[in-house]
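Consider the two complexes below, in which subunit A is the common component and subunit B and subunit C are the respective partners.
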Partner chain A sequence: MSARNLAIALAFLALVTLPFWMPGIYYINVGSQILFYAIFALGLNVLVGYAGLVSLGHAGLFGVAAYATGYMLQLGYGHTEAILVALVIGVASMALYAVLSLRSTGIGFIMITLALGEILWGLAYRWISLTGGDNGINVPTRPAPFGYSLTVPTTFYYVTLIIFVASVVLSAVFVNSPFGASLMGTRDQPRRMNALGYHVWMIRFYACLFSGLLTALSGILFVYYTQFISPQTLSLTSSAEVLLMVISGGPGTLLGPIVGAGLVVVVKNVVSGFIERWNFLLGAIFVAIVILMPEGLVPGTARLWRLAFRKRAKPVKTETPS
Partner chain B sequence: MARKFTRRKFMAGTAMGVAAATFKFPAPAIAQAAPFKLGLLTVKTGPLAQGGIQMEQGVVTYLKEKSYTFAGRKVEFISADTGGSPAGTKTKAQELVEREKVDAILGPLAAFELLAITDYIKEQKTPMLSLAGAEDMTQRRPNPYFLRPSATSAQAMHPMADFAAKELKLKKVITISEDFAFGHEQMGGFQQTFEEAGGRIVNKIWPPLVTPDYTPFVAQIADCDGVCQGFAGSNPLRFLKTYAAAGLKFPVVTGETGGDDALLRSFGDEALGMYSCCPYTLDYANDSNKRFVAAMQKDYGIDPGFYAAGLYVAAAVVDAGLQKNNGKSDDKEAFVKALRSVDLKDTPRGQIKFDHFGNVVGDFFIRRVEKVNGKLVNKTLKTYNNVSQFWTYDEKKFLAAPVYSRNYPPLKT
Partner chain C sequence: MSALTVTGLCKSFGGLHVTTNVNLNVEPGERRLIIGPNGAGKTTLFNLITGELSPDSGSIQLFGQDITKTPSRRRPHLGMARTYQIITLFPRDTIIHNVSLALLGLSPARWNPAINIKRQGHLIEHGLAALERVGLAHIAERPLAQTSYGERRRVEIAMALAQNPRLLLLDEPFAGLSIDERRDVQQLLLAIPRDVTMVMIEHNMDVALEFAERITLLHFGEVIVEGNRAEVVDNPRTREVYLGH
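Right after this comes the complex of A and B.
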């Protein structure tokens, strides 16, 4: 596994020094976007990868946190209050989501989260006195913690990076804890877990809350990044996009969603400047991933790596998640 | 691809610039060699794509006509697809400003895209010329780097209401439009002028932007003698089909998006007799319009509408502004000042100039849909000259009132 650690160390180093070797502000901003979308994908991955619960309504939660921030600022509150309230509202909405949707799993769960996401989208779109409807809410300023104004792209990038690293560490702790093990247990053998005395529903509920926390964090970063929020952000397309990040990168791995977020953001924002039919390209990439690496980019690459370099060694126990 | 071509040209231009700098040519020579970078924010994917693609065609038509040269400077044109989402617009605006370092931006298309980037544009001091409606961009929340060479949402509706009350003698009108700012502002402008001229708005109906079936909304139209619709995109087509299918015969009046010339080929006989007011009309008889229409028909095989003409004119304004500023665009403040002082006599929509908010003052045309040789055409009936965004109102009083909205002016009961 040293190759893996080396790769992670190199990637981390690259991220920390990114503003120094990137050719311009534009690319630093793309970097910030990749990072907060990666947090979003990590949040969804807690459910999709570790709990086996596929949610198609996460953009709704993402948007709720963003709207809460925007609305609080519009009411005249400071950034600290706005962020705290947005986090609370984001997690509370997730709790509500969970109470309603955890009544079922599998397709039922997908459909309920889809419906909830659409309800939130509808509210954002039609509750005009609160959300401004299609005109959205403008966020005129970015906060300036400890005197560092986030208006500067590089500062914004580093703050996003700090929150990103914290999220990754938090996710790693979460997954490797006994609680994480029990969550994966509910994914693979819910009835046996139940027989062993675990409260399956409660475990899933806590996992949902953690997912909601990461989603709300990324939603707040998003609204400060674009300084604008409108109903499109909550649409089904956005939910599908983040789900694609998780699935293409590798659900049930920590690195997968991050790589997936990078892939989607780069194709959507950078490659689209060169290729007009970037939607098609993104689709083609996903088809290729599904055919060549159905388990996702990160586990798939690891498998190919093992095939190439460890052929004559003892067969390694693969621990690819289902 | 055209893009690759221009990129290579840009590289060549930069190389020349660098060479010129190295060999210590006089300073003006460098300014001459540097290409002028013109960015376009448009929508090429998704439901708004039809108008967005016409926008790009309009710009390219103008650039071709001028052989990609403004005021002696080569023009490098960079088009970016926002996907019709505010977040996408922000990213693409950053791409144009921070990566491509454009000298001016044309677009975006929709009001919500514009609102998402207005603060950013102000910060970056990049001149932007858009055809999005959002009234307050040139009224209560002006942006010094913004110009609107097309029209505000209500600018065409004031004359339309005047015409409807005075010439069509309508008394009781029902308005129906999409439930977002562009619709609210159009209908607000119509109501204000129409009621001042003695008419009355008896009901306002607001279907959402994405409405699969207009039947329940059309069913509410009754007890009136005219209908004012403010739909955009392809919605006017679906609305009028439902309207005609319901057997309704009240005259319909509309603005630039509801009666756009580019829509006529998709309309059927249900559109006959519809009145519209638009800052551009296909049958405008001057040389510059004939040239523009011929070029659009030759290159793309379509009749241009409001979107293509709007961007053609916007490109002409950039050209004229650059000439006024002696080909210099480095000092953004001087450049935007030159752009705003542009006074063009000969554009496809006639003479235009700008007020001190950067909004256009120009002619507006009242047209009626008729059938000529089996083809639907908008026939111009009347031209209102030199219409400003304030119509005949006093600017101070107008700005002191709230912006037109869903509930302003209120419905009189």
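Right after this comes the complex of A and C.
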């Protein structure tokens, strides 16, 4: 078993058994947070890592799904209806984002998604009849699938874990598929892809929808976790935070965004209990990552590992072509 | 029916006329060479034919079908493939993956998000066959980043051939190659069967002249001379604008 697979197996084992060795409810809840933020980061990574499209408005989509859930529940619908409607609205909002922002790439794409995220934040803040404005929306209950109430932190954790694992598997299948290869092709050589017969815009659009689905899923988990949604969740800071998760962990890798989500959530929730200026610490960590492992924690660690154990890729023999 | 018919094609960038009333008729199976000094509009003509640029006026027909308004991404599906003067490949991937992308571009499977690309036997099989034609099958799994410039040129050609085109547009396929590499590429181009029509832009006269049956000379976006090898080389206008003596 390679070191990578061993690390993944150990991490998975640790996640499955986490409620048994974690000291206390608080840390189990931190575990749940890491998992749904990891789904969020995986969703953003589809665009940042695999499509080469950096979005700074994803917190808006995350928030739309969360608000949709809260609003549906407020209207008196059940959890199933609320979740389904939130998923549809989340993906539909992403589709709208995509139609508007895929007119450009690079800086243009960043700026349009940033603007769209700000518009959603503004709506959440000002459309008081719908969103409750600053007061937000309370979600008094959590669902109880098959009789297991998610009010119990351990149950919530395991449900989140299942959705997380499903999201990782879905992402892995996506990345290794012909469509995934097409998407990465449009990231590296859009002009060439077009000349090879690919519909570059449509490929990017579908990738956006997949990203939107994961983002909406995480937004719904978030609103059930906090049982409250307010405009702050949609702020630019939140969009930047999830982008940092992706970039610090390693964009364009499956594990990177998960590790990045773990890092940010742990520093925010756990380390902040010991160090008052945790923002400073988080900043320092990012600076260190950028200097030491600009490709992100996961690819960077893999590189250092190979360096340490001298297991470099075998040099390819130079053969004379026949 | 001609393989490629270009009629009255015009394109300007602002006040600069890069293509002026170009007419071109390439017969099926023909090997056509397009020459001209730097800035003559050769690559622009290619970009118009492949649809990466849209013409201001004029029309383009591919095997009798008007494709003037066809989006460039549709044209490979109609049997048109091209190579680039500036090598445009996927540097993070292996050689075989590059060719697989060319194959996938024409296959509906490119939309499939649920199967594993590495388990698509026919993709790899056809990819290796295309690499065999350019003599790179033995290094198919090599990352593109570890290949030489000459090998990349051949990957470019393999990707075009993999799409099994009826019309192959080659934009300076010998650019930057050593004499040995040039001979290799020349041989593989000569081995391409006659059911592929080829149009080539080339500066390198000795290899290019051997390749071509008919030659079109462009100058300031206009067709100055067209004819067989002897006619074009002997034409005083050719000497004036191109050969320079």
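The rule we apply is simple: the second predicted complex is superposed on the first by the 310 of 322 C-alpha atoms of A that agree within 3 Å, B and C clash if a C-alpha of one lies under 4 Å from a C-alpha of the other, contacts with A are read in each partner's own complex, and residues count from 1 in each chain.
As a working rule, contacts are C-beta pairs under 8 Å (C-beta built on N, C-alpha and C of every residue); 3 or more make two chains touch, one makes a residue touch a chain.
No experiment lies behind these values; they were computed from the predicted model shown.
K.L.:
Aligned on subunit A, subunit B and subunit C: do they clash or fit?
P.N.:
Subunit B and subunit C fit side by side in the superposed model.
K.L.:
Could you tell me if A:P178 is touching subunit B, subunit C, both of them or neither one (first, second, both, neither)?
P.N.:
A:P178: touches subunit C, not subunit B.
K.L.:
Check the residue A:G197 against both partner chains and state whether it touches subunit B (first), subunit C (second), both, or neither.
P.N.:
second
K.L.:
Give one of first, second, both or neither to describe whether A:V88 is in contact with subunit B, with subunit C, with both, or with none.
P.N.:
Neither partner.
K.L.:
After the superposition on A, what does A:S230 contact: first (subunit B), second (subunit C), both or neither?
P.N.:
Only subunit B is touched by A:S230; subunit C is not.
K.L.:
Looking at the overlay, does A:G24 come into contact with subunit B only (first), subunit C only (second), both, or neither?
P.N.:
First partner only, subunit B.
K.L.:
Given the touch rule stated above, what does A:L130 touch, subunit B (first), subunit C (second), both, or neither?
P.N.:
neither
K.L.:
Classify the contacts of A:I8 with the two partner chains as first (subunit B alone), second (subunit C alone), both, or neither.
P.N.:
A:I8 contacts neither subunit B nor subunit C.
K.L.:
Looking at the superposed set of three chains, what is the minimum CA distance between subunit B and subunit C in Å?
P.N.:
35
K.L.:
Using the touch definition up top, name the residues of subunit A that touch subunit B in the complex.
P.N.:
24-27, 29-30, 33, 125-126, 128, 133-136, 138, 140, 222, 226-230, 232-233, 268-269, 272-274, 276, 279
K.L.:
Under the definition above, what is the set of subunit B residues touching subunit A in their complex?
P.N.:
Where subunit B meets subunit A, its residues are 3, 44-45, 80-81, 84-88, 90-92, 94-95, 98-99, 111-112, 115-117, 119-120, 134, 179-181, 208-209, 406.
K.L.:
In their shared complex, at which residues does subunit C touch subunit A?
P.N.:
The touching residues are 50, 52, 72-77, 82, 84, 88-92, 97, 100-102, 104-107, 109-118, 120, 135-136, 138-139, 142, 146, 151, 159, 163, 184.
K.L.:
Under the stated contact criterion, what part of subunit A meets subunit C in this complex?
P.N.:
On the subunit A side, the touching residues are 173-174, 176-182, 184-185, 188-189, 191-200, 206, 210, 316, 319, 321-322.
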